[in-house]
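After this come two complexes, each holding chain A, first together with chain B and then together with chain C.
Let's turn to the complex of A and B:
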């Protein structure tokens, strides 16, 4: 057995050595809040304010997925409320909301915007998870998303019959969001 | 009966782990040699207990004992034997037990071996390993008991998620877990070293083989997972920036930084506090990697194991397992800092750059994975950032790393350059210039990203080859066996691992730049041309598998009208589970893969077919395999160094010569 080492000289705590701990505690705080709200069922209720509410949708032309020669024309759907859904094949929550979108598509036209995605990947995604969309625009570089102020995908907008933005929902649409938020909004837009 | 035996063995192991969590620290503070020697048998009994428990669980799966609730809900009597066995870890409880098995086996290996290390360090490391084991055994016993009985026992089981019934699943989690859990050894050594107040050359040489082994397993595990996703998910991609993939990439990046920084401690006793921090962070990230999936915090394709109710326990473990060592680091770390000083042109500076870039990459992935979670906390939005974010942030950092990879290994410790530096830089620079020029002239449609990627790959390849040539004395006396032997095995390992990066980059570039794809609605008799070949669709037929039925498309692949292969992509319906999976048909070749997927459709309107040509894609995994082999070579080459340490335990004279980066 080795002899005991003398106790090292006392030194003051230095900030640079505290930083990892502080960073970790911040992360852990977020995770705890997320977990607690998941457990108590209050998660996924928030709503992002959008500057577009009550204003007409931005007119940025994007090509159609099925026919790149043509561009997506939202005015073609005027006279009825529509749902615009930003999605991408690389987005995991988008897979989760596929059943909800299919339900919605039975009531109103749902227009998909493939956000920063390769068209072939988008097609593969639609093959696998179903295609609820009445029309799909290809926003390859994300300019349309930029004009709409999209945070990330998935994100959905309810557009009123007069072509103005009624509501924005960031995050996947689940049954609760569908029933408490989107369907009432679509109902009021008729 | 067997299940109760397993349960009992697990409880015994838990009691032993509690003992192991206390005994070493008591023995060390009391300087009690007899108690210190008691630590090893306690470790071994704990390990045997867990292994018996795991064997009992495997037995329950193999014999389809549906009175065990876990078997009933995750297995089925009609399943092939290999998936009955792999089904043991295809679920939360079983995979947790496998995780613990690896944890205690690592502890047992250290208890049995490690004669060369100072006893204090060995015993305290085992103690930290005991604390971790106790936490996870408690997690298993109290929240996820794999041996819970079901009464009355059902006649048959619910089956295993079909997407997990795959050879890849039999191998991927165990390999990945060896990597994740192997990092627990680095963690335990780091915490023991902090408690002991002693991080030196002896410490570095003792912990190094564990880090290298964990890194190799992690590399192989991630590659297996990527390969599995490539052929099983049917998306044709090999990396999706999915939270679960990120969770395995973060510890890999940290461990990569760690195997580089540990060489500075081993050779020069510098970078000490930084290395300790990396060891703690690497294992913390693998804890996050294993368990974030199960807590339901992040949405992911791998969500088969998620259950928010268990998240509280996991979060508690994470808080203690990461928070306490980081607090210890804040307290004891400042005493470790020993600045040796080095020049701007030195191996140390090269490794500093390496560590800086790898850390930056880790943080970028961490932000990309957790930013959505943070954003959700602030305003409730639940989104993904995805590949656009990672392409813009991660790739440039890795690009800089590749540039630095050529320079670092040819610099000497402390100051000055090795004579190779000039040759290597000149060769690499020239080769890069020539190939970029050739690419611009010959391939008119190549993108800027393509040129940058090509330049980086050529730079790295030429740099490594020039270094190899210089050290072997090529051009002066020709290649001789003696020159090859003069270069130590760890250096060969480094070359192999670094060249693995070249192979990986070629795969990623080939697939990223030159892939072609075609999505068609096809009817029998249609011919679909793709990348110089033709797919002839002859129709769809139904087939019967052991526990599924398929819809199989028959595609004949032709080159210039000559048939070269028949490809049969399938959609499988697993009858017990009532779930479908897509099985891509892949024709892998060194030059690239032909890849076909059957979509939906019917006889009237035709079937959707997705066809891909993916040049060089298998090089991605071949490169990862080379990296893992390089790591193994380096570890094998250092056994002599540890033997030397056993003879003169405690001597801290730096012998920097010949140590690889």
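Let's turn to the complex of A and C:
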């Protein structure tokens, strides 16, 4: 005797099976792209894109640490790439990146912005951890930081020779950041 | 027949999913909002203030990233709240304020993402998912209907060949049962989708302000109460201490108590004042000086400041073993990245502290940390006094104890014979031999340690040093040249090197080389060095 029940046509199985599968594959595709780029370091979830990229740096006047009567003039460094570093004596990661800044200072002028810090504390910090900066601006109230969109210290900006922002790195500069981000950016800024 | 269970399963899943979605959304609906805003931030004008609050709820705190600036306690959130209020007072419109912040921090600062090519998926995916689900149901139904009502070509063929009655029963019954169930199932499924969509539009839309869990409010309130009662106790203690010193301003204990009470509530200035007064009263008691140094550092977020360093130096000059000052001197060296001094100071404290002192664990970790950072040999602190072993040893007779130690040493030595790279092991073995009074073996272990880290100049120096201090140089004339060569390669300018070279040249009978090296050393030593006389005597003896 032949089987009593009709065998189901294949097309129905395929549809009810395939649609969720396709949906799943699309989601899995998104997830794996995100995962792979996170693991390979091209996508850093901790880094927010800066609005300033490609734009000239905002001109908010701040006094110099050494001479309160004068204000920091970034335009004076035009014609060469510079690194602008927002730091503070109260910021622990800023201590960690001091050696990296010293290394960078051998290649380009590094300009420090003491963010929400007492000038006396800033000076003591520099005495202790070294002063790699070609000039230091005092951003006592964080106004300059606000203009730059700084959302935490340390933050470092690579400024191209024409005075536009090339790159922003939020967080301390470690070896990897130095080698894979900042040095290549400074190289391309020349 | 075969299809029905599958599609039933599917429908059941849809229903379950819809219910789950509904539940999740309800949870999010049952929320209020907690605000981090403080009274002094608020504007006097209630109209402006309510606009400020509304705007704050639409702005993301870039530090916490999952809270609005209205919710967040972060300093940046505070700054942004202030900025919003400043602009409001200056007469800016809501849109202008949002735009100005977006211009500084990018789209990310807006909790309601703008519709742009980058956010299409975010905005339209939920709608797409619901539509896709409806399409899926329709597609399955369409696929099922012709099959359920009339047999497919395959079955028709089979039917014509086989048992007609059996097939008729099969094809007749199946559609009947599934038709009865199908209606309600579809209705429930469609209702599930509609309910999800409705809930999403009402509560889950991307443009709604975020709503943190109100459930936390009770918890936060409880924590606050607990904290308040604790701070009340502390405040009372402080007031009491103040009263005490007011009554008896010449009692040092009162001032010290006041300092402690002030430290407990974080009132650094009062603490410093109290300690300074206590210091004056005692005419510079070293322990109080050390406390003052500690308080100064605490006021500077843990940095050992220059005034604190002065105090520490004074304390150590008066009492080189004052534990607090020793610890802070080590910390100061550590902060200067002078790891060798940090290790030395902390190790001194470690060795003079009772094994059950509360700071031992931290101190041990600090020592290891500093030694590793400075690339120095890690002193034996982690493996030392295993309390269990010591307790056991305490209950033994001398012979038993010696036997136990000998056994442990033999095990260690055997292990090191196989694994010669274990520098920590060699140092531990050397120490054990030292304790057991076996200097030759001790020197041997130190040579083992030097061989384990041939690139470490300090370890070579230490091994050569113990050869000389134990007066066992002659026995190790085979090993000394190897260590000397390494030291010469690593630190060719070291003064120790000249001394060692001279010493071992003398031991191997080459007096001329000994004289040459020592003479060279003599020239390079500062004239007032205490070593000069000693070295002169040695050269004259040659």
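Basically, the second predicted complex is superposed on the first by the 143 of 190 C-alpha atoms of A that agree within 3 Å, B and C clash if a C-alpha of one lies under 4 Å from a C-alpha of the other, contacts with A are read in each partner's own complex, and residues count from 1 in each chain.
One rule holds for everything that comes next: a residue touches a chain if its C-beta (ideal position, glycine included) is under 8 Å from a C-beta of that chain, and two chains touch if they have at least 3 such contacts.
From a predicted model like this one, the values you see are computed outputs, not experimental measurements.
Touch criterion not met for A:69: it reaches neither chain B nor chain C.
With both structures placed on the common chain, the touch criterion links A:128 to chain B and to chain C. By the document's definition of touching, of the two partners only chain C reaches A:146; chain B does not.
Applying the stated contact rule after C-alpha superposition, one finds that A:90 touches each of chain B and chain C. Shared-chain residue A:21: touches chain B; no touch with chain C.
When the two complexes are overlaid on their common chain A, residue A:31 makes contact with chain B while staying clear of chain C. A count of residues in chain A touched by chain B and by chain C gives the higher number to B. Taken together, the two complexes place residues 1-2, 4-5, 7-9, 11-12, 20, 48, 90, 124, 128, 142, 151-152 of chain A in contact with chain B and also with chain C.
Taken in their complex, chain B has these residues touching chain A: 31, 33, 36, 118-120, 196-198, 234-237, 240-243, 273, 277, 280-281, 284, 295-297, 299-301, 308-309, 311-312, 315, 318-319, 322-323, 326-327, 329-335, 370, 372-377, 379-388, 517, 519, 582, 597, 599-600, 608, 610, 650. Touching chain A in their complex are the following residues of chain C: 1-3, 6-7, 10, 62-63, 76, 79, 83, 102-106, 108, 132, 136, 139-140, 143-144, 147, 151-152, 154-155, 158, 161-163, 166-167, 169-171, 301, 303, 305-306, 335-336. Residue ranges of chain A in contact with chain C, taken from their complex: 1-9, 11-12, 15-16, 19-20, 23, 48-51, 90, 124, 128, 142, 146-149, 151-152. The part of chain A that touches chain B in the complex is made up of residues 1-2, 4-5, 7-9, 11-14, 17-18, 20-21, 24-25, 27-28, 30-35, 38-39, 43-48, 88-96, 116, 120-121, 123-124, 127-128, 142, 151-155, 170-172.
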